[in-house]
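Below, subunit A partners subunit B and then partners subunit C, in two separate complexes.
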Partner chain A sequence: MKKIKILYIVVMILFLLPFGALILESLRPCTWYYVYTDIKTYKAIATTVIVAVATLILNIAIGTPAASVLARREFPGKKIVELIILLPLIIPSFVTSMGIHFTFIKLGLAETFLGVTLIHTVLTLPYYIRSTVVGYGTLGEGYEMMGKIMGASGLKRFFYITLPHIMPSVIAGSSLVIIVSFAQYLNTLIIGGGRIITVPILMFPYISSGDMGAGAVYSFSYITINFLLIFLLEKSVKGIYNKKMSGEKLW
Partner chain B sequence: MEKIKRYIYIAPAVIFIGVFFLYGFFQGFLQSFGLYRIVGESSFTLDYYMETIKSKSFWDSLLFTSRMAVVSSTVSLLISVGIIYIIYMNMERKFVKEERFQKIVESPLLVPYLIASYLILILFMQSGTISKLMVALGIIEDYSKFPILTNDRRGIGIMIAYIWKTTPFIVMMAIPVLKRVKSKWDSLAHIFNVGKTRFFFEVALPLMGPSLLMSFFIILAYIFTAFEVPYMLGVTYPKALAVGAYEIYSRGSLDDRPSLMVINMIISFISLGSGVLVYIINKVFVGKNKGAWE
Partner chain C sequence: MVVLEDVTKRYEEFSIENLNLTVGKGEFFTLLGGSGCGKSTLLKTISGIESEYRGRIEIDGMDIRGKSTFETGLSMVFQDSLLLPNLNVEDNVAFGLKMKGVAKKERLAKAKETLEELGLSGFEKRHPSDLSGGQKQRVAIARALVMEPKLLLMDEPFSALDEELRGKLQKLLKEIQRKYKSTVLFVTHDRDEAFYLSDKIAIMDNGDIVQTDKPQRLYENPRNEFVARFLGINNIFAGRVSEGVLRDDKLEVEVEGSQGDDLVIAMKAEDMRVVETTAPESESSYYMRGRVVDISFKSGFYHFYLDVEGKRVEVVQNRVDFKVETGLELKISYKKKNIIYIKR
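Then we have the complex of A and B:
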């Protein structure tokens, strides 16, 4: 059975090897200094965050009501609606971005924050809705009905009954939205036309040439932030569940 | 009232995807037939499809993309089965901490394809980390002796990047099934004195089949349409379909638009076809195996 242990270690090393190379190559203080004293870095980070947050807000506004209906109601045409919401995951996004680019130029949306945000929203909406549907799926209607009987208004019912229950899946969906939005390269390039410089667009020239300096520093920072986001997500979702499990009864 | 409310809730999402996604796809679809042209006369024609089908570079691209997709997803599938096997062997005896191992194996999922390609590039290129180590250890004399593994004609770098990125996905999708199989059938296997290895290959693996097959086709479809990895790790000829499409696009000539849209439509229909396949596998097999879970 020692063999299995050795296999384990070999597999782990193989999977970690690319990270190892990145860590080795990013051990250059002067490149870190160069990257983080460059105003372009901060501008790109700001752009990326603004686009991601705007995308998230649109997702929550559009996706949450849709998820609540999809999870709990049957209606004619439901299958078609589900298919439409799934399509952005099946059809490659650059196909539609290229198709819609000219229309965006005519509408004045090309090369703007809004245009890029709209495209990111389309690409992330399937993730957000699917994740939130799971949350709504476990919420019995009785709870909301109870609120209604006791005279709570629609908004009150949403914030005090529905939201606490669906929170874990909303958080999971939201982090997916942010991670997917952060990772966009081609769609941002097509719609942003090189004017909207997000982090992937800024770092692309460095990493595509295999540049060991700035490329490694950007990649290292990017991966760290992604891992941190996932870590925080797991923690907060687990926190919510633990609270529910331990005495503090929500219902 | 209650009935109408459903549609009001659902409408924004559907309209949004309709306007910003389906409309874009539809525009591309029309343009591929020479309709709705940005410049010049618009009229229905199949010329652009014929032109594309007759061109050698298109077939070379298609062949190259297919090879990348089939080889990478097959190798990923085989490696995943191996990893799932050792995870299974470890489940009872706990040689190593299971959770830590799974976290490490799944870590590539959190790295976007763009950066994954970069990591593979700096690891395997001629002046990359492995090459540097080998020179330092005196295994090879200098960088130029190191084999060309990135930006090579055979697409080895592309395949390594895909395998590194997609194996965790297959493993991640199959582990919950494995856990269910184990909790459900393990005691029965003990009663009949079935060995662990036999149990894995004759009971667990067939029951994981649909999950593995679905992941396989999801990956296959993804690689067909993917842009980042071949753009960074590929060569100028033959190039992946999506890279070819992007290069026509970035030349910026509006006359090329219909031919570009033809390639885009072909890519879309391949991935739509795979989507249908995944759906069928899910319906047929998962339904058929239902008895095993009850």
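Then we have the complex of A and C:
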């Protein structure tokens, strides 16, 4: 037990140490003032959050039905569909986005907010679907069969039976979507063409040019907002389904 | 009343063909059979889960084809309790009423009442993950009963429970069913369970109903060898009658029958006794000789297995006044009146 405790402390120190450095860096004179008096900061934060939330909404709308089918139906070519969905994880993401860029230019989606949201969706969908498939996989047919016998219509069955059941994996997938969307730099740059400025794009020049103070403040803000968004996501969902969400069993 | 007329349900590997069945109002009716005999399929077809079938299914005079379970007014309990894990016990029980649009106050009051009936007062606010297997299944039964179903379908509801618990729930179910005179269609592979609970039993084999009757009548008059064996009657002999004796290979049984009749007969293990070879023979009994090949002692009864002219004969009795060992030669006594004539 004692050994595990020591190991735990060591890991925590290793994990927290960079944060300490980050905080120290950000405490250089005037950095916070410099970063947070610039209107670009607020714009970038707003853009990042809006893109992430829009990406999440698209993920839920496209990914949930897809996961339902992939988890519970057999059809010819299923393996190929699964592979196509996973491809963005395997192929270097800038290859995907450079290819899509050409199409987006033709469609007039390049350098637009929608274009950036769409490329984020392509890159996050594999995470969301993989996670939600697991949730559907543990549902089985029994519950929905029972719901049907209890007189619940298709929509009611989804909201009262399916959704609460898959919610933990939807939350897990959604958290990944937010994290991955937040972290996009190159792909946002390629599709956004420098017009859509998110926090990573704004902070990159500071870090690469050696202005560690501003870089640290941006990094710090980035992490905080990221956590906050995931926290809000979980809180709001648990508020709606204010019940036991984390039973020991795969409820 | 539930009536099935020429119901046919086909799968690739298995089918139910032209099945007819009538369950009376307030009757506890059991479909009894081994796994894969079609009993669960039949239940699913009646429940509306399996909507593709030919023939006619009527509940209280209404053809259920194309109707939701909602309209047909039936409830179902599965082997798995299938309680919604995110809802507490009372919300689970009230779920069907909620779907029906019953006001919250009313549906919770009804749920509470039904839970009390099943001995689950005080469990209203608990979550399924806090319940034992038996409690979960009682909640599932409450959830079905609260709908006041015209027909309650039960698909092996107790088979996942341990024996003691199963007995308790069977007793509870029987009491409730008698009290409310609910019409129940119950599916099980457990013979004892079927005999304990049912007013009537239909024995199923290979997608067909082989025999339907009251439990005791089934046991007294099995229609064929399958039914007899399924009900645990393993001493079955077949052969031709000559001079009042049926010959199954070399084994001879004294029967009532005319010369040249081909008969199949069954003799219950508990209607026979083993006696020592030296014991005096009684006028009213008949005897066959055999050698003990196996002995087991189950729930207070000796089960003797004897080899009689190459046939295995089972004898069950609660006491024996002499020492029986394997290899010992004994006489088996039986009475003519106890012979069951399966095929005359």
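To be clear about the criterion, the second predicted complex is superposed on the first by the 202 of 251 C-alpha atoms of A that agree within 3 Å, B and C clash if a C-alpha of one lies under 4 Å from a C-alpha of the other, contacts with A are read in each partner's own complex, and residues count from 1 in each chain.
The working rule: contacts are C-beta pairs under 8 Å (C-beta built on N, C-alpha and C of every residue); 3 or more make two chains touch, one makes a residue touch a chain.
Note that the structure is predicted; figures quoted are calculated from it, not measured.
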{"item": "Which of subunit B and subunit C A:11 touches, first, second, both or neither", "value": "first"}
{"item": "Which superposed partner A:219 touches (first subunit B, second subunit C, both, neither)", "value": "first"}
{"item": "Touching partner for A:237 - first (subunit B), second (subunit C), both, neither", "value": "neither"}
{"item": "Touching partner for A:98 - first (subunit B), second (subunit C), both, neither", "value": "first"}
{"item": "Touched partner set for A:160, first subunit B, second subunit C, both or neither", "value": "second"}
{"item": "Partner chain(s) touched by A:210 [first = subunit B, second = subunit C, both, neither]", "value": "first"}
{"item": "Comparison of subunit B and subunit C by subunit A residues contacted", "value": "B"}
{"item": "Subunit B versus subunit C as contact partner of A:114, first or second or both or neither", "value": "neither"}
{"item": "Subunit C residues touching subunit A - in the complex, by the definition given at the top", "value": "47-49, 68-70, 74-76, 78, 80, 82, 84-88, 95-96, 99-100, 127, 129, 143, 147"}
{"item": "Residue ranges of subunit A in contact with subunit B within the complex", "value": "1, 4-5, 7-8, 11-12, 15-22, 24-25, 61-63, 65-66, 68-70, 73, 75, 81, 84-85, 87-88, 90-92, 94-100, 102-103, 118-119, 121-122, 125, 129, 179, 182-183, 185-186, 190, 200, 204, 207-208, 210, 212, 215-216, 219, 222-223, 226-227, 230"}
{"item": "Residues of subunit A defined as touching subunit C within the complex", "value": "142-143, 145-146, 148-153, 156, 160-161, 164-165, 241, 243-245, 247-249, 251"}
{"item": "Residues of subunit B that touch subunit A when the two form their complex", "value": "3, 6-10, 12-14, 16-18, 20-29, 31, 38, 83, 86, 89-90, 93, 95-96, 101, 104-105, 107-108, 110-123, 125, 127-130, 150, 164, 168, 221, 225, 227-228, 231-232, 242, 245-246, 249, 260-261, 264-265, 267-268, 271-272, 275"}
